[in-house]
Amino acid sequence: MSALAAIIWRDVRLAFRAGGGALQAVAFFALVVVLFSLAVGPDIALMRKIAGPVLWTAALLATLISLDQIWRADREDGSLDIIVETSDALPLTAAAKAAAHWFSTGLPLIIATPILGVILNLPASAYVPVLMSLAIGTPGLSLIGAFASALAVSLPRANLLISIIVAPLYAPILIFGAGASIAGAAGAAQYAPNLMLLGAATLFAALFSPIASAAALRSNLD
Amino acid sequence: MASISELANPQRFEGLAQAVSPYAVGVAFITLVAGLYYALFNSPADYQQGESVRIMYVHVPAAWMAMFCYSSMAIASAVGFIWKHPLADVAAKETAPIGAGFTFLALFTGAFWGKPMWGAWWVWDARLTSVLILLFLYLGYMALWQAIPDKIRAARLAAILAIVGFVNVPIIKFSVDWWNSLHQPASILRADGPTIDGSMLTPLFLMIAAYMALFTAMLLQSMRNELVARRVARLDMAADAATSTLVETPSAASQS
Amino acid sequence: MNKKQKRMGMIVTVLAIAGLAVALTLTALSQSVAYFYTPSELQALAAPPASTIRLGGLVEDGSVNYSEANSASVSFTVTDGGASTIVSYEGILPDLFREGQGVVVQGSLDADGLLVADTVLAKHDENYMPKELADALKEQGRWQDGSD
Amino acid sequence: MVEPPFSLSARDLRASRGGRDIFEGVSFVLAPGEAILLRGANGAGKTTLLRAVAGLLRPAGGAVEFCRDTEEPTENAAIYCGVQNGLKAALSVRENLDFWVSLYGAEKKAANDAINRFELRGFIDRRAGALSTGQARRAGLARLVIAQCPVWLVDEPVAAMDRDGVARFIQLVVDHLGCGGSAIIASHDALDIPGARTMTMSAKAAAP
């Protein structure tokens, strides 16, 4: 197995083992959705309207709580040194870590979305745009999150700091992702431009995040 | 004429700052008083907005400064990151709170203009949203500096964040052209010349000059404070720990 | 693969991603993300959207009618030159609201295609000038309408 | 088993943290087959020096060079084993070893070599989190065998090890040196490695 594949495979295994964060993220996702529908109450018309944005916000929050661990776990047990030492190109390694985070957080969220959509009375026409927007947008969340997590890797209890740093960087993805699901829920075929902008945001994240993460890690290892 | 690297020497900077500061404060005071006088009393009401146009003289320069400060911060960060220059790091760090202040002022005055003019304090359109994001970028940058005790590491990490966040600046600038925005497009920096009447440009430019001078004065002062604080911290550190070096110890090896 | 080829591969990948991102952005922007519809776009739709929409355009000259029974109730026509939509609204209009001015109206369409608005926002243009000058320009016939 | 002999040289190395110099003026040459025992009080900068040589930390000044024979400097040929073992607590020892095999691009049988050299067979399928400190250290040092790097940089290798484990580690180092490898070992324990030089990190004399 190549080094990058080994890193992804190891992180995914760890996430799904006892003590891993994958199920916690999905549980948190479901929790936010359920709490939201409890708060909104029986107004189904209102619920249908906000289901897409609620799913997006919940997915973003669930991603947020899992960011802290991306690099810190590796730093605490010393494996970050090994990963950095053996890396041919640190940006590629950072991209692999972000990919692993997506497989263990973003992908489970997407799989859970159809079920939670039922709870939220998500209109049938919105399932495709919501799922597509999550599929396009959550890799961006993982990439940007890996960068913010790399910035804070040397700090204890950095979850709040990571949230503050990541919030403005997540804003475009949330806007276009939720925008696509709103347009989809309204039955308009106009979610395509939102999905394109979402794709562009994720691609930009794919460009800067590995390089910036690598620079942040280097600065944090000193 | 002193070169950039000479000015970048902290002692020289101290001398320069001492010389420039009083002028910056003076210019800031004079232009602010004159600008506000023109803005509030000696300029015409707009043909559509009426007296509310006066908010613009506070709002537009603040919005410009918000972007100017962020750009300066990103450039200083890049200089500090690449050439490892502590003075650039300090400049970037101390620019952030000032920029955040201008951003907040722009958002605040914008809301006060938006309520009577548009009919809403706040709308989630591209320009307003991207400026709000700018404010959060400033806050995240400041939070990162604050969270990391080692100033050299903090400078490097904050610099990376500032450079990444710079993406937002062109988005702010062009948001009104790219999206159907409620916010009006550029009035001054445009290819076919300003669309603001001359009588209104006087207070506008006076206010811009005032903000620039204010920025200079505040930046110089806070940079001097930071440099003094760092010098004290360095003296503390030098007192409590020694630098070591590596020496050969011949005996141990020969025993075996 | 040697180092040089690897580097080339990296550069090509980066350029491809950047190019794709820019292409996506430009395509999306050329399709104008519908933060609001114009009356023509609304007319072109096969089925009128069921939920809340935003409509942008100019208030048609002479179309503003205040209800006699209730002074806070008003109806006006929003046009983009091609098509127009009638809007009814109850509430306080912003200062900048007037005939010929750009507005963004938020509400839902009723069965007759009338837009029942819950929010009316006035869009300001980039022109600033004193009232006297605007009047003088109008008198001299050099007035260019603020609308694009 | 080891690649062609490497020599390692450090010239006037300086490292600083938070604006303070931790050490400066550190120079040494480590020839193939040579070992340096690195000593020094806590906080003298032993770990920092090892990390700087390993390339994990950017030195503030000076340079580290790896040379194969007399050729041009080559890329970093060192492996660093820090105080932490780099084991994932939720994975079994074997899974950890397999991960390293992939990372270092080693052959599959390298893991078996490591298992034999460090007597890991008894707890090979146990979760790394359930190992005793000494067992975990042995599993962590197994990386040295897997990576097959010519230069070893090891920080406190035997701190929690029983006497048998220490002897095994020393034998491993001796074999490594015999194949033309080299090592820098920072340790407070007396390690009886034949022919090893001892170098000490100590406070620099006050500047004249």
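Order of writing sets the labels: A, B, C and D. Residues in every chain begin at 1.
We adopt the following convention: a contact is a pair of C-beta atoms (placed from the backbone, for glycine too) under 8 Å apart; a residue touches a chain by one contact, two chains touch by 3 or more.
Quantities reported herein were computed from a predicted structural model and do not represent experimental measurements.
Participant: Across the interfaces B-D and A-B, which one involves more C-beta pairs in contact?
Facilitator: Answer to which pair has more contacts is B-D.
Participant: Chain B to chain D: how many Å between their CA centres?
Facilitator: The answer is 46 Å.
Participant: Whole-Å distance, chain C centre to chain D centre, using C-alpha means?
Facilitator: 66
Participant: Per the centroid of Cα atoms for each chain, what is the distance between chain A and chain C, given in Å?
Facilitator: 33
Participant: Give the residues of chain A that touch two or more other chains, as numbers and ranges in rising order.
Facilitator: Those would be 204, 222.
Participant: Going through chain D residue by residue, note those that touch at least 2 other chains and give them in order.
Facilitator: Residue numbers touching two or more other chains: 17.
Participant: I need the residues of chain B touching at least two other chains; which ones are they?
Facilitator: 153
Participant: Edges wherever two chains touch, nodes for the chains themselves; is that graph a line, a ring, a star, complete, or other here?
Facilitator: other
Participant: What are all the chain pairs that meet the touch criterion?
Facilitator: A-B, A-C, A-D, B-C, B-D
Participant: Spell out the residues on chain B that touch chain C in their complex, using ranges where they run on.
Facilitator: 44-50, 52-53, 56, 116-120, 123, 125-126, 178-182, 184-187, 190, 195-197, 199-200
Participant: What part of chain A is in contact with chain D in the complex they form?
Facilitator: Spelled out, the residues of chain A in touch with chain D are 1-3, 5-7, 10, 13-14, 17-20, 76-79, 81-86, 218, 221-222.
Participant: Quick one: in the complex, what on chain C touches chain B?
Facilitator: Residues 29, 32-33, 35-36, 56, 92-98, 101, 104, 119-135 of chain C touch chain B in their complex.
Participant: Over in the complex, which chain C residues touch chain A? Could you list them?
Facilitator: 6, 10, 14, 17-18, 20-22, 24-25, 27-29, 31-34, 47, 49-53
Participant: Where on chain A does chain B make contact in their complex?
Facilitator: 147, 151-152, 154-155, 158, 161, 164-169, 171, 175, 204, 208, 212, 215-216, 219-220, 222
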